[in-house]
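One chain, chain A, appears in both complexes that follow, with chain B as partner in the first and chain C in the second.
Here is the complex of A and B:
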């Protein structure tokens, strides 16, 4: 969707730290606005033409009104809070475990060779298939969504951390040793900054997968959260509200991604 | 094959250094290093001995694969297991030593730090306060001619400038011996000559004791007071040549007849070794090709 910020190309190699400006300028912004406007006009045209059921393709005005209503609905904020809490708890747990595992796999050749194939094979498995297991372990509440979300972002973060660890230019480690850096100094002043970009990119991708997984799980079995709310509105066949909620979720996901992108950006 | 090479090298008497008059800054005393065990073992450095006097610029020159980098790592303390003694102040080097400052062949600036913070890195490790750190780093940034570039990131600099940042970073730690491994290998010839001027100037200004590891003949003659010529595998001292070119020197020296004489003389020695190195490398490649086909 147009609301998500496109990922800026980021060279993760050692020479990737540039202060260089963005490639795009006014032209790409015009195209982006054009895409949104074009989609809106097409949508409205289809809606008014009557070719499709008005219920399925409601007018933009109806959707706008539904967005307004949604934004003053206390139930929306309660559900948003639940989902946001789940996503951040997932990211915190899965991210921390992922970084820890990634460092272990990346720094130890033996561990890496022994365990990494499993991580690679498990990484693309759709996590939702573990949902029934998580429900049995953690119940139908937020805990099972957090567990599933943590599981999904764990792999992303672990793999990018392990890659970042191995990608460190060995000469930089030799430089640190030649200046007699302590192990603590090696970690804080060489390993961490050298791995910063791949690790933060992993966290950013992990945020995306955690969000997808949490929402997906909520649509399946839950009694709160935005996913649950979407299914509830769907069951009432309240299309304007459904679209309104989807647009709001898109914007939130896009904003979250944008903020993480800024944090992981090259400034600082 | 290895045996034949060892015998050929063994037939020649290795010249013995005359006893130094003053106290040497760095003593390399019968240093050897072997990698691996049994018939597959490679002797990288074999019984090398030479001294570096205070304020002296010595170059170690040899063909590729002669064990130069092994020697560099031993003296720098990154290769802790070796036979013989590398002595500084009567103590044997085993591990990185504060008196030795290393400059690496590879691109070694920290890409996430600007020039100032790169140069100040060793001071940061020693917990020097921020303002003193800046002042001291600034001094060496000016010394290598990078004033005005303090806030630039390494990616915004040329390769020659980045290598100067590395040199400044090593000098700021105040090493008594500057140890450089082919610091200009990745640079073009003109940059190399000009950077050589910079090095000569720095060395004359700081009276910096320097040991340069290189395979570049003009670079070695341009910069050095003495040149240690190494043999190809195992790395031994073939000859030590005094370079009596006037100081202060600039890169103009390369056009003087005396310079040409030294280059020709050392090339005579080096040529044998380089030829042997090339032949062995080619024989090795042919043997590998045969096993790959067979």
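Here is the complex of A and C:
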């Protein structure tokens, strides 16, 4: 009897991995709405169930209200200003040093072979562990956060610039030389335009690492900045405000990344 | 002669690199001795090197490496067990992928580690906080690379599987995973790098656990050579970890 039952063709079973026509924008949006709604319902359910300690998972309404309160809190803007100042100073210092080092390592094969391995292997080490050293060198104020942020973004920018420098099409360089371009002209008309994307991409990534590092350093030891504010709220056990501030920081970080991506024409 | 020249240039660059590092340390030693650099801020490089032995013997470094390795082990296994299935699901269900891939990319760029105070409240000041936090931090690259790797499998391989009438599971384990493994491993390498940074970083920030806490402890004691030596040690361990991952990645990469 079993033999008479319809058998699903084996080939069709593996279609799941490859089949599928174009996905409509409507389906995509429906899935997104479904995920957001599902997560919200689950969150609210857990919040109201009493399974976890009260306030550990606050109601979404409480978080929403806390976001509103945070956005009209002058202390938030004062701390935001401090952190933004630190991040941009880090990016300016670390980025400039990174571009300079990247150009030196990328333009000279010998220098690259001599020093790039150090930059390459030190790049992914946990930067925050250098914070005690930065405190000893630059004190407990904003300078130590700027120095640590600059150290973080230096590696990213240097490696990206060096890679970009090496990736320049040799034809472009030969064209420049055949036109007898001066070093200044070579730099401005050939190298700079050709390296634009990797350098800007490095700066975008460097912005991310500088921001995370500066904020983390603020959570460890500081008396101002958003990282400091997070620890203050944590020590008060004000969970709705903690969620609110973290959400706002994530949105600022995402927006910063998106804007830099748009400005530089590099993808996230 | 050409060979000799090539041999010389092959060694000249690394020699210059290592020589420069030694020269910097030697210059620093002299600057400290002459008092130009304050020795209460920067310790003698020789004292730092000597402290390495002291921190290994007196500060139970091996035990601390074990603690960090324990947290790393569970985090690294968890990112694979969670990340690869999610990445596979995103590859298989294209509508889902279209819907959430931007979110996953945003997750990769988000400063998630900053949420550690939240996790301290949820899980207490324990290894669990470090592990959960590190898994979340390391998840995005492995998801992205798994989807990318599976999507990049050559159609000819999938057609071979189809012509052999392979089932879903056979197709996945015999065709898709082996073909996508090099790309998936590059995701694993990135994820594990994130995990290491997160584990050591959070250990340092919350002053709990292994190597991160060691640096914090020594810094709080104002043991200058010890702090520098511990940082050097952690940097050394991290570099070894990345080198090993890179070797494995190169080994997995198909040779043209």
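Note that in this section the second predicted complex is superposed on the first by the 227 of 268 C-alpha atoms of A that agree within 3 Å, B and C clash if a C-alpha of one lies under 4 Å from a C-alpha of the other, contacts with A are read in each partner's own complex, and residues count from 1 in each chain.
The criterion applied here is as follows: contacts are C-beta pairs under 8 Å (C-beta built on N, C-alpha and C of every residue); 3 or more make two chains touch, one makes a residue touch a chain.
A quick note: this is a predicted structure, and the numbers were derived from the prediction, not measured.
In the superposition on chain A, A:193 makes contact with chain B only, while chain C stays out of contact range.
After overlaying the two complexes on the shared chain, residue contacts for A:74 are found with neither chain B nor chain C. One of chain B and chain C touches more residues of chain A, and that partner is C.
In the superposed pair of complexes, A:124 makes contact with chain C only, with no contact to chain B. Of the two partner chains, chain B is the only one that A:185 touches; chain C does not reach it.
Once the two complexes are overlaid on the shared chain, A:174 sits against chain B while remaining clear of chain C.
Residues 14, 16-18 of chain A touch chain B in one complex and chain C in the other.
Against chain C, in their complex, chain A makes its touches with residues 9-11, 13-14, 16-18, 20, 23, 27-29, 31-32, 35, 56, 110, 113-115, 117-118, 121-122, 124-133, 135-137, 208, 211-212, 215-216, 219-220, 227, 230-231, 233-234, 237, 239, 242-243, 246, 249-250, 253-254, 257, 268. Every residue of chain C that touches chain A in the complex is listed here, in rising order: 9, 12-14, 16-17, 20-21, 41-42, 91-92, 94-96, 98-100, 105-106, 109-111, 113-118, 120-122, 155, 158, 161-162, 165-168, 170-172, 176, 193, 196-197, 200-201, 204-205, 212, 215-216, 218-219, 224, 227-228, 231, 234-235, 238-239, 242-243. Those residues of chain A that touch chain B in the complex are listed here as 14-19, 169, 171-172, 174-175, 177-182, 185, 189-190, 193-194, 196.
Remark: chain B residues 76-78, 96, 98, 100-102, 104, 106-108, 110-113, 121-122, 124-125, 153-156, 173 touch chain A in the complex.
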